[in-house]
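Following this line, the structures themselves.
Shared chain: subunit A. Partners: subunit B in the first complex, subunit C in the second.
Let's look at the complex of A and B:
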């Protein structure tokens, strides 16, 4: 199939799935009933006792988590194309790595925003220096650092080499950030994804819609930005040839 | 809407609609960003077609 058509189909899919995810998550999916001891403010609703923090933290699962996982997935491509560039010295891979990092930046910022909005409501604060948030903030700073590095090196060849090496090293923070809640249990940031999580049909549907939709968004933005760069480069080459 | 959810939103987290609204705004922002990039790509492709035409005439 034509890549242009595939991008459009992916965009429509992304829009529909993520919107459906939001609607199902907040209006249909049942709340999670915690069975932990309720020494915190428990609330009796419909004959069931709900632990407020656990209950609502779970709602973030349907939007914030797919966005965060997409940021990890796209960041992997920064490292992947960085390795490909260092192996082949083909500039196309440097462009691909740069675009992947741009998409990572978008999703990392979205993750921070959706997370912060939630922590303000849930934890009554904008920021907590706990392991997951800290390692994810480091990832955001590394992604920003990638662009600072690119902007500070004038020589194109050196810029591509340094950026590729930096991108590969920076990506190492992603698995650390993903696994940190399992390695260093935090009282605040829950372990969201685990085997046997016991989601009911609507909860699982909402999560999968969000996950697939966000990955489609990542793919669409990457493809569009890559096409934009390629077309721009082609125009510059043709213009230069015409001027000669 | 799930009746238990409705009761929870009314009683426990009255600010939740604002959070949901904020999430929707972020989703909308993502869609707008995609639309802006698509429009930029469209303009560049038109420009490329013109340059290619000029190039083929020159050749």
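Let's look at the complex of A and C:
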């Protein structure tokens, strides 16, 4: 009962924070101005030539980055519950790890989608083998691999052990590929846009609101899925006892 | 064991040697794994020839040589890793190993070292072939010993983590397909660093020595972290 209330509160908080994030991001936070005039004469926006164009596409930052960070945070729980399962052999932790991975999949896909929108506008391309994009593709493949693995093991005990082991390995792998794609540079694609000099107060506020809102959303999705799964398991048990 | 003929040797070391010897003896009887791995690599080289057939004589193969070399080894190592555990599984050898009083980590290290040895044999045989076929008239940019060194560091990670992943995948329905799905994304950081190191050695140029050692250190770091993790997880995986 208590968990139920907490989930509802988290859902409301997530909604309010994310809404506030978007309102502040679009109406209050100062826009980011590109210094593109150094490289080219100007940019044509809506038929007018701008020397220092305002990057409206940058607004996706307030949504995209919280989603991306949340995906990493949730992925941590895949490994965390994986370790707990291997230590206790309690099937509950396997279910928790699986649902954490499901939530990771959602957030990783959202990160890829929102990132791609930005890439298309800003870099004028759908895909580049740039460190950030590459890392996320690898993470997506790891998460997909986790589910492919689960689907191909019939024995439940084995499935849980293998999934836990792979989940732990995958979570270790994600930060390594994050680091290595930066340290082994592919010289063709430098990082094109950086936010110079940090965020101002309103930008930071919007970002932090979005960050906490997205974490709450992650928690809510996780809890709802978990409850659904628990009910389903209980029905299975009841069915089994009725058949006997 | 009090009656042991070599009391100086520790128990685990003898177990390690016994499992390793079993793998090597089994391979020497049939040469099944080595033949298929080497043949597969040669076939991959033929496919490279097809892929490069339209590139013309002006194309400098050295630019992609490291990538091609590693691609061949990635494919052949997946084949080999799968084979090495399918044998164990299908002939019930794995169960027997688990029934015998052998420490689980010993099984991991013996299997991983066995896979490493086979992979290195394949590399030693096919690497000169690659150079003769694709880089015959092109001078090497860096020192020659850097290439085998980078191949060795990469092979250690492939054999170590690959042994864990193959132990998992051999118990699934899709076997070799599952191995590929798990293997490629997990190996991504190692392969990127290894290709970087090999490429620096092939191409040379200014600052290639620093580049080589940096990439090699990254690959070595990956090896250390992932081998520790694989070693820790193997006990659970093989017991499942």
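The definition used in the following text is that the second predicted complex is superposed on the first by the 191 of 244 C-alpha atoms of A that agree within 3 Å, B and C clash if a C-alpha of one lies under 4 Å from a C-alpha of the other, contacts with A are read in each partner's own complex, and residues count from 1 in each chain.
Just so it is clear, a contact is a pair of C-beta atoms (placed from the backbone, for glycine too) under 8 Å apart; a residue touches a chain by one contact, two chains touch by 3 or more.
Source: prediction; values computed, not measured.
**Student:** Between subunit B (first) and subunit C (second), which, if any, makes contact with A:169: first, second, both or neither?
**Tutor:** In the superposed model, A:169 contacts subunit C only, not subunit B.
**Student:** State whether A:9 touches subunit B only (first), subunit C only (second), both chains, or neither.
**Tutor:** Neither partner.
**Student:** Of the two partner chains, subunit B (first) and subunit C (second), which one does A:217 touch, if any: first, second, both, or neither?
**Tutor:** Touch partner of A:217: subunit B, not subunit C.
**Student:** By the touch definition at the top of the document, which applies to A:232: first (subunit B), second (subunit C), both, or neither?
**Tutor:** first
**Student:** Per the overlay, which chain contacts more subunit A residues, subunit B or subunit C?
**Tutor:** B
**Student:** With the two structures laid over each other on chain A, which partner does A:158 touch: subunit B (first), subunit C (second), both, or neither?
**Tutor:** It touches subunit C, and subunit B stays clear.
**Student:** Touching subunit C in the complex: which residues of subunit A?
**Tutor:** Of all residues in subunit A, those touching subunit C are 86, 138, 141-142, 144-145, 148-149, 152-154, 157-158, 161-162, 164-166, 168-170, 172-173, 176-177, 179-181, 183-184.
**Student:** For subunit C, which residues count as touching subunit A in their complex?
**Tutor:** 161, 164-165, 168, 171-174, 178, 181-182, 184-186, 188-189, 192-193, 196, 214-215, 218, 222, 225-226, 229-230, 233, 236-237, 239-240
**Student:** Using the touch rule from the top, collect the residues of subunit A that touch subunit B in their complex.
**Tutor:** 11, 15, 18-19, 22, 26-31, 43, 45-46, 48, 50, 52, 55-56, 63, 106, 110, 113-114, 117-118, 121, 217, 220-221, 224-225, 227-228, 231-232, 234-235, 238-239, 241-242
**Student:** Would you tell me which residues of subunit B are touching subunit A in their complex?
**Tutor:** 1-5, 7-8, 11-13, 15-16, 19-20, 22-24, 26-27, 30-31, 33-34, 37-38, 40-41, 44-45, 47-48, 51-52, 54-55, 58
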